[in-house]
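Mind having a look at this structure? Questions to follow.
Here the chain labels run A, B, C and D in written order, and each chain numbers its own residues starting at 1.
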Amino acid sequence: MAQKKVIALTGNQAAAEAMRQINFDVAAVYPISPQTELMGFFAEYVANGEVDTEMIAVDGEHSAMATCIGAAAAGARTITASAGPGIAYMVENLYVASGMRVPIVLLDVNRALSAPLSIHCDHADSMLTRDTGWISLFSENAQEAYHNIIMSVKISEKAMFPIIVNYDGYIVSHSIEDVEILDDETVRNFVGPSDIHRIPYPLLDVEKPVTYGATAQPDYYTECKYQQHHDFLKVYDIVREVFDEFAEISGKRYDFIEEYQTEDAEYIGISMGSSFGTLKDAVDRLREQGRKVGAIKIRLYRPFPVKELAKALSKAKGVVVLDRADSFDGIGGPLFKDVATSLLATENNPYLHNFIYGLGGREIHEEEFMRAFDRLERLEKGVETRENFVEYLQVRE
Amino acid sequence: MAKKRPIALLSELASHKETFGGDMPLAPGHRMCIGCGIPPIVNEIILAINEPVIVSNATGCLEVTTGVYPVTAWNVPWIHVNFQSAATVMAGVETAYKVLKKKGVIPEDKKIHFVAFGGDGGTYDIGFQALSATAERGHNVLYVCYNNEGYQNTGYQKSSATPIGAYTKTTPVGKARVGKQEPRKDLTMIMAAHGIPYVAQASPHIFRDLTKKTKKAISMPGFKFINVLEPCTLSWRFSPEDTMRLAKLAVETRYWPVYEVIDGKYWKVNIKPKKPKPIEEYIAAQPRWKHVLKYPDVLERIQKEVDEKWKLLLHLEEMSKKLAEEEGVDYEELFKVPEE
Amino acid sequence: MATATDKSMREIRWHGRGGQGTVTAAKMLASAAIIRGKHGQAMPEFGLERSGTPVKVSTRISDHIINTRAPVEHPEIVIITDPSLMFTIKDIIKSGTDENTVFIVNTNFPPDKVRKILDIPNNELWIVDASKIALEEFGRNIPNTAVLGAVAKATGIVDLDSLKQEITEAFEASSKLRALLPQNLKALERGYEEVYKAE
Amino acid sequence: MSYQLKPWHEIPIGSIVPEAGSSKVNHTGSWRMLRPVLNYDKCTHCLICWIFCPDDSIPVTPQERFETDFEYCKGCGICAVECPYDALEMVPEMEIKLKELEEEIG
């Protein structure tokens, strides 16, 4: 077991610490709040020679991802980070990275999208990445962000897919909390050393010239995409494997989802990211009132934990999905649709409701989540009615 | 039978071909148009480099016709990400090389060169931001623009490299407007203004010049840029056999001066046609453009642009010589290719 | 204020101005508690601040893991690091407080004036002239370390030694701040000594 | 197209092409309408045609040029235009094909 110590860190500091310990080969950086500070911390490590990383201050997020693809295809261990509009700007290249099957770590310090402009947290940016073929992990706090980044390197390289680690802008990125840090050697042994042959076709192996990014005509495009689809489904096992390996060095065992008081719960709330702690507090308060409620957090967002979620919801009467982004489509938030789809494979048919909350950094209190449970229960019991699956939890009338 | 007289430089380039299993760097079987000028540019450049080369490519003619799944024409490691990123992708590869050398993953004595190719659309327009930034950061990359003065891969739309009066699908010739209204952007000058170690203009027809410029470029650390005119048989609408003839005529009419710039401050015009051919001859050979012969005002604008640019270049050359003298620098020595 | 589910929870809210180190002080308070094995959290509420705009920070300290990420609504302790805020954002400062809320104010005003401005006739009130201390010790109005000393004395949430340790580590880690460490340790101590409880 | 279409599980991951120069399976000679016919008596093996050939269809050694590779030659005619010794002539492919046919039939 590793040496561990507890120190006070912000989410961005914890992420920078993970980056330092991993000692990435290449980091492409471009400033955008609330991610900027992270790369500032990391730049200090570079400036002080505490890492070997070559940091490239590129001209924008589109170039950041293009640079990462070049570096990763060359054979280097590569990372970049962004937020909100920056993620939107790099989306074209996210598809290129996953199609080329290059391992890259992208930190998404979650931020809302314009307009109106907001530098604050919601998950709209991450929802742009959900169909890009990247693995995606959500972090509740700085501790999980730190752990997720360390695990992400290994997951990404084993799966040969790029990976996104999400943590909430400001709420996690700029808040200080107690974080348990592993020692450098343990982390470095866990991720393994740099080597271009970590990937099957490194560009830098000039003796074996390969072509990356060919054009595929209709006779091949489908086969290329089917292979990507097939291999992405293998990611579940790889993530589980890495979670297990990580438990051995850290003593912390993670799963695709985290269940809280769901054993006998009739009504279950589902959220991702930093609001889950608040949701757990809401559950505690309702439990004090004798209500049978529980909560589930989605940690592995892509590929979506369909089976695990269906099992966890198999006894529920009602489920309220708490989305930190809207889809503006009359059906519900992105997470709501994921949850609803997961339930297609289950015997029971719980009542589903969807609330949008926390947009553009709107703070969320346990009382508001308690209200979401109340509404769910009354809808399920037929005491109240609704016009849509989706409602806003916090809006001034 | 005629006596065997191989040109020494071509003989030397031909011997380098063995590195690629006897083929050119760009193997046959690619789907370029009949008579395309791009493959000779690529081959002249890569054959001029006697060490391993990794290539990145912007989306465009060269890219869509050479790496068509499941086969590739490339005999060197090659990567294409998208339209605007050829420079920055290569920056990523080059940085990976640098850091992995530092970490001992790549042997210290392993020398690799990094070349990016983009058309004028991917270089002058959509890729300009990434190009400029990569130049500013000084990555050890040679960027080559094969400039066919328009978006040929999408069927000939105007780019900022398209000259005044030229027909394109987005600048047609009509009653109200005669082709493109604005003069072409001078990207070579803009790149020189970056103050990077080496910037040049070249023509594939003058292979001595282009291969020499390539050798010069790769001998200097940092970002280098070569702008190569590439007459496009398809969109300029001349017969495929005339590609190199037009590449030559562009230089002879001073429409495409071939010159080089060191550190953004020492300029040298490499070829000075003693009796420059009239621009009309060059224009008349291109159905995309020859309608301007009927419009004296447009023709005059074209000639004026060509003459003024030529004069400016000569002045810059003179000024450079004086500057070198003042600084005690050997002007001629600056442009020589160091021994390998 | 201890919450419904965690009796050991201490909830603090800071009001200051951008550029005066309020966010840093709030983080240092949480860090100092973490050094002593407690759980801590400090969450700034960021607007599009530039220097001078009002800043609000929540700090929580507990024996147990802190779940909530909501800002502190009902603070047990309110710390005001810039006295002018008492006039400009009194409603924000007072929101969620009651007669049991403890106020710690950086000001050179006498207590009765502060009570009157904030309309807190019976609350526990501590006063420290932290700006004066800062100006005397290092010539700039960055009162955060002196305020931290006052908080340690007034609340007992953290001990002075933990704060000293935290400040030392934080300042030594920064090439920019290293030279100012002795002055700031002095300010911390003076804040602790000079803060007084109003009648 | 002269390659076998492979099933999805036999293609390298990431749509990467690991066989350099594999485009040689495409015999682009089928595009040709005109054929460069070389007059060996005039050819000096200067190699100018080779450097300008867009389709790598002129086999050379550092000293010598050989017969055009008609598997790939698209018949652009650049070699004929650029040859300083007029050693190449572009002849319609159909004429040659017809002549060959006549010779075969007799």
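Here is the rule we go by: a contact is a pair of C-beta atoms (placed from the backbone, for glycine too) under 8 Å apart; a residue touches a chain by one contact, two chains touch by 3 or more.
Computed from a predicted structure; not experimentally measured.
K.L.:
Count the C-beta pairs in contact for A-C and for B-D, then report the pair with the higher count.
P.N.:
Per the contact counts, B-D leads.
K.L.:
Per-chain C-alpha centres versus the global one: which chain is nearest?
P.N.:
Nearest to the common C-alpha centre lies chain A.
K.L.:
With chain centres defined as C-alpha means, what is the inter-centre distance between chain A and chain C in Å?
P.N.:
Computed value for the inter-centroid distance: 34 Å.
K.L.:
Whole-Å distance, chain B centre to chain D centre, using C-alpha means?
P.N.:
Distance between chain centres, rounded to whole Å: 25 Å.
K.L.:
Quick check: how many Å separate the C-alpha centres of chain C and chain D?
P.N.:
Between these chains, centre-to-centre, one finds 81 Å.
K.L.:
Measuring centre to centre with CA averages, how many angstrom lie between chain A and chain B?
P.N.:
Going by mean C-alpha positions, chain A sits 43 Å from chain B.
K.L.:
Can you tell me which residues of chain D touch two or more of the remaining chains?
P.N.:
In chain D, 6, 11, 15, 17, 20 touch at least two other chains.
K.L.:
Counting only residues that touch at least 2 other chains, which ones in chain B make the list?
P.N.:
Those would be 67-70, 72, 74-76.
K.L.:
Would you please write down the residue numbers of chain A that are in contact with two or more other chains?
P.N.:
209-214, 216, 220, 224 - these are the residues of chain A that touch more than one other chain.
K.L.:
Using the touch definition up top, name the residues of chain B that touch chain D in the complex.
P.N.:
The contact residues of chain B facing chain D are 1-7, 10-15, 17, 20-21, 23-24, 26-32, 34-40, 43-44, 66-76, 204-205, 207, 233, 239-245.
K.L.:
Could you pull out which chain A residues touch chain D in their complex?
P.N.:
Checking each residue of chain A against chain D gives 99-102, 160, 200-201, 208-214, 216, 219-220, 223-224, 226-227, 230-231.
K.L.:
Using the touch definition up top, name the residues of chain C that touch chain A in the complex.
P.N.:
Contact set of chain C toward chain A: 3-5, 26-27, 30-31, 34-35, 37-46, 48, 66-71, 73, 166.
K.L.:
Enumerate the contact residues on chain A facing chain C in the complex.
P.N.:
Touching chain C: residues 6-8, 10, 34, 119-120, 141, 168, 170-172, 174-178, 274-278, 280-281, 284-285, 288, 363-366 of chain A.
K.L.:
Once bound in the complex, which stretches of chain D touch chain B?
P.N.:
3, 6, 11, 15, 17, 19-28, 31, 40-48, 50-57, 60-64, 69, 71-72, 74-78, 80-82, 85, 87, 90
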